[in-house]
Amino acid sequence: METNKAKRVEIIIEAPMEERLTGALEAAGVTGFTVLPVLGGSGRSGRWSREGQVSRAGGMVAVICIIREERLDTLLEAAFKVVKRHIGVVTVTDCEVLRAERF
Amino acid sequence: MLDTIIGLAGDNLLSPIILFFVLGLVAAFLRSDLSIPEAVAKGMSIYLLFAIGYKGGVSVSDHGIDQSLLTTLAAGIVLSFMIPIVAFGLLQVMTNLSRTDAAAVAGHYGSISIVTFVAATSVLQSQGIASEGYMVAIAAAMEAPAILSALWLVSRGAKPTEEEAQEREGLLREILLNGSIVLLVGSFLIGFITGKDGLAEIESFIISPFKGVLCLFLLDMGLVAGRGLRNSRGVLTVGLISFGVLMPVIGSIFGLLVSMLIGLSLGGTVLMMTLSASASYIAVPAAMRVALPEANPSIYLTMSLGVTFPFNLTLGIPLYLTLATLVGN
Amino acid sequence: MLDTIIGLAGDNLLSPIILFFVLGLVAAFLRSDLSIPEAVAKGMSIYLLFAIGYKGGVSVSDHGIDQSLLTTLAAGIVLSFMIPIVAFGLLQVMTNLSRTDAAAVAGHYGSISIVTFVAATSVLQSQGIASEGYMVAIAAAMEAPAILSALWLVSRGAKPTEEEAQEREGLLREILLNGSIVLLVGSFLIGFITGKDGLAEIESFIISPFKGVLCLFLLDMGLVAGRGLRNSRGVLTVGLISFGVLMPVIGSIFGLLVSMLIGLSLGGTVLMMTLSASASYIAVPAAMRVALPEANPSIYLTMSLGVTFPFNLTLGIPLYLTLATLVGN
Amino acid sequence: MLDTIIGLAGDNLLSPIILFFVLGLVAAFLRSDLSIPEAVAKGMSIYLLFAIGYKGGVSVSDHGIDQSLLTTLAAGIVLSFMIPIVAFGLLQVMTNLSRTDAAAVAGHYGSISIVTFVAATSVLQSQGIASEGYMVAIAAAMEAPAILSALWLVSRGAKPTEEEAQEREGLLREILLNGSIVLLVGSFLIGFITGKDGLAEIESFIISPFKGVLCLFLLDMGLVAGRGLRNSRGVLTVGLISFGVLMPVIGSIFGLLVSMLIGLSLGGTVLMMTLSASASYIAVPAAMRVALPEANPSIYLTMSLGVTFPFNLTLGIPLYLTLATLVGN
Amino acid sequence: METNKAKRVEIIIEAPMEERLTGALEAAGVTGFTVLPVLGGSGRSGRWSREGQVSRAGGMVAVICIIREERLDTLLEAAFKVVKRHIGVVTVTDCEVLRAERF
Amino acid sequence: METNKAKRVEIIIEAPMEERLTGALEAAGVTGFTVLPVLGGSGRSGRWSREGQVSRAGGMVAVICIIREERLDTLLEAAFKVVKRHIGVVTVTDCEVLRAERF
């Protein structure tokens, strides 16, 4: 089947920042994104788990964004502004998409 | 007096509520995999907010709006603004936290813990002491101001950078409209509008099972507090622990003075003291993650949930009740 | 007559149930982050279906199977098949929706909303009006037929493509065996088999807390409806809003006529009118996503959940009660 | 005697609890999408453990600690260790399972199913038969030993490899501190400490709604058991099914003998028989996934949840009650 | 460690279509797949979030399928038939797998 | 924006093994990981779904670990020891990360 090159950006970020991040992505002209729940994790700021978390403060989410190659930099800059002072991870992977006209 | 405190504390310590909290703590320390699903814990906290808000509203509609409601509201807001400043000063003396960490911790102590409030209500009830129904509304009003104090403490002198300013934008709206406040105030208003007739319709949902749900909820709090303490062993210094026990007592004395000034009933005084003494672990941490991401969440969560919350639950509330009774006589 | 409606509507509007729905709407419009976890909301809807199904079954086992049960069942199914056709005609006159969108919307109005049904039951109860216990079973029977009407409306003339045919394959089974129908009918049958003795065993679970759970559930419905309305501002035209208010009234009149024809009691008539007036927001949307993916979900969800549901809840039910009373005399 | 069993079984089969289990089974077989969210199901199981643990503790505090508690505890632990060995022997005769699969299945039958225990309690209650409050603690004690027996059965002769040894390390702690055991034992202790006064406070949470919650929980169990059976059609041989029905009866007879030996009351005997007869579907499967990953989970889950659980629920419990009554006279 | 080349296909699709998609994948001979929950997202058909979603209609799931390169086309064709008329995103990434004999 | 090469390892594993896996990752010196919930799946051992799962035994989770290329082998060996006897899938993808100093 015909597929086209694109980039898959995955941003793991604190839940209280989700709105700000997706707002920034939309402002940067991203056509869509998907938010996945995260159960727990570990990093420089220690280990945490959602189960039995009273506070939203500790939770994280994963935001996935498929985007054309030429728009990657705009996206990363927008995302980085939000993520900069916060804990979180940003990865970019090469991928192929079906129905490329959508992105 | 010591007798009374010990007697009260003894009663309190052997109530099912406290024992389930302890069960949670113990299970966490033993590294049991016992856990309450996140959705169920959130569901229980929604139930608790709904029930206490509604009951408060019904009680106000029943006794008529007391003239002192507005005064007490104002007093609560002032306390929430001021307590962080005291806490910040104390932290700088007692600990060597950075300015940012100290401001973040201080913010938590100005705000309130609604479960501590509920526990105090339930102690009052078992002692047959009445209190002003609107205290629930005061609790809601005291959640947010402390956050502004914390931000002010950290940025005194320095102007926030453009990015910081951007992040705080909208924060005030978010804080004032956070779920707990909206549900608590909304249920309070609906209770006020529908009054005793409304209560009769939903009584067997919000009154009879209340204590039982509270037991399960405190089990979860114990699990979370215990896991928090276990994961942050390095964090707690002697200075911090002392602060976590001393600060609620100081807060409660502020609450006591203000209550005397505005003439609250004995029950109302105890609740105001409890609100002043308790530290937030929901609204403020979330706000701090957005506005002060450099502050270390392990510190403020461990302090409020791991030290001050158990202290208030077990010894604090009986102490505040004793103090208020003594002063009242 | 207007007096009665206004009186009834007034009572209704100030009941805790409606006020919690309004609280949800307001919280959503203010963009509060208040939300009920998905699992808890689903848990509550399971509780409601379980409780009303069971109570309906017990009531039928108690009064004996009324001869009219089958007639009413047939009448309900016919209504569910026919109402979409009327709705489709009206939509083509009042709005400029595409054929597909119009058919999808029409399908929703032939089906039913179980929460609207529950709200009507609770109004009847507070007015002391009895109704046929088997109306719950009629509600279940009316969920699905409208979906077939919608598919027929969209494909009249045109034969479905091979892929469309494939997707619809299995759809009928899915619709008839969807969770809500199975739980409602199953609980009804179990209530019928175990009768009053069974009810006595689980009464304090399914009767006492019912209203309270309903309040929380309607809070969630208000949040969802409000967020839906906020996200689809562009979608709602004057024509659509008018349809969303007019169609339930027309549906209720069909329900009224049929009820008179088959001789339902006053309570049964009001419930049949409410079923005819209400629009689905669970079973039908899911079926439409599978069978008519080109239809825009914002339109049909906003119509049924954002316009017709609140209308029925607040003004509709009192209106139907007044109409049925007038005609009954 | 057959009359009594049939009478009891008939009553039992038409109780709401069983009928909801059947509804779940039927819904699963019809491939309905009815499902209880995972978090809600877990929440219900937490509620059930909390309630029965607490009630057991209160009952012990009420009647005083019976001297036989320790004896019964020891007897339960011995049963849990021994039953797997009998089961393993029987499996090697009746089926052609591999050693590993047979050991894994055998382990399940030595452990217990708390819902079967609850169902037996509720049958006793409806027959007005009292039982020792501490049987709940025995249930907790019987969860884990069978797991060790299973591991011993599989590794007799062969020494575990280094990796196997590593994986089992910590397993014992995990098993003993698994959530269900901690919650059951903890609630039991808290019930024991707070006694009747504590119970009065939370009675309307843990007693009144209990049966209703149990109905919903069994609906979920029926769904899960039904889906399990549907997905593992290839797995069940005649030998396995026979074992799944025979083994609980054999287990119950061991339970009966031991109960007579230590002099339990009629109610206590029935519960001990039920514990011996029931098979685990929570603690043991999780332990087996860690320690015996080569054992096929479809086999042991289908056996314990799909065959033995329904058998005990419907025919087993009435049978054990009849046997115990006969022997008692 | 020895790893082998494979493809990771990620399909984000409406929850009511999940059964049909996984059925089609199995019919196309796929040896396995994993379904992840999705909390929310945004695309041409607007923004949605699972929290407070009464209706299953709006929910989505992510289906991940690891597959040998040579079977990718069969999979994509099967998936595309289901996804075609529906909203959703299909991406393909190169990856390496352990225990390649399983795929 | 400046990004650096890294590896994204995704391990789908039974829930009861999660603690052992993350323990092994930490022992192998991994700086962080993220755990995602899994709703259901299908493989050689059949199909399962979390909804209505009484038993934890059947559930799975996805553990994601971003790691520098040179440390990949250590990680895979540690993970493999845990996964070996168990059902589960391990995939490795090339990716780029922001803030590479964190990994």
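Labels for the chains are A, B, C, D, E and F, by order of writing; each one numbers its residues from 1.
One rule holds in what follows: a residue touches a chain if its C-beta (ideal position, glycine included) is under 8 Å from a C-beta of that chain, and two chains touch if they have at least 3 such contacts.
Treat the numbers as computed from the prediction; the structure is a model and nothing was measured.
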Checklist entry - By label order, what chains touch subunit B and subunit D together? => result C
Checklist entry - What chain lies farthest away from subunit B once each centre is taken as the mean of the Cα atoms? => result E
Item to check | Gap in Å, rounded to a whole number, between the CA centres of subunit E and subunit C | outcome: 34
Next on the checklist: Between subunit A and subunit F, what distance separates the C-alpha centroids? Give it in angstrom.
Outcome noted: 18
Checklist entry - What whole-Å value do you get for the distance between subunit A and subunit C if each is reduced to the mean of its CA atoms? => result 39
Next on the checklist: Counting only residues that touch at least two other chains, what does the list for subunit C look like?
Outcome noted: 35-40, 43, 204, 208-209
Checklist entry - Do you know which subunit F residues sit against two or more other chains? => result 36-37, 49, 93-94
Next on the checklist: Based on which chains touch which, is the overall arrangement a line, ring, star, complete graph, or other?
Outcome noted: other
Item to check | Pairs of chains found to touch, sorted by chain label | outcome: A-B, A-E, A-F, B-C, B-D, C-D, C-E, D-F, E-F
Next on the checklist: List the residues on subunit E that touch subunit C in their complex, please.
Outcome noted: 14, 16-17, 20, 45-58, 81, 84-87
Checklist outcome for this item: Per the touch rule, the subunit C residues reaching subunit B in their complex are 14-16, 19-20, 23, 26-27, 30-40, 43, 204, 208-213, 215-216, 219
Checklist entry - For subunit E, which residues count as touching subunit A in their complex? => result 10, 12, 36-44, 49, 60, 62, 73, 76-77, 80, 83, 89-94
Item to check | Residues on subunit B engaged by subunit C in the complex (per definition of touch) | outcome: 37-40, 42-43, 46-47, 50, 54, 173-174, 177-179, 182-183, 186-187, 190, 193-194, 198, 201-202, 204-206, 208-209
Checklist entry - Okay, in this complex, where on subunit B does subunit A touch? => result 35-38, 41, 45, 163, 167, 220-221, 223-224, 227, 231-232, 281-282, 285-290, 293-294, 296-298, 301, 305
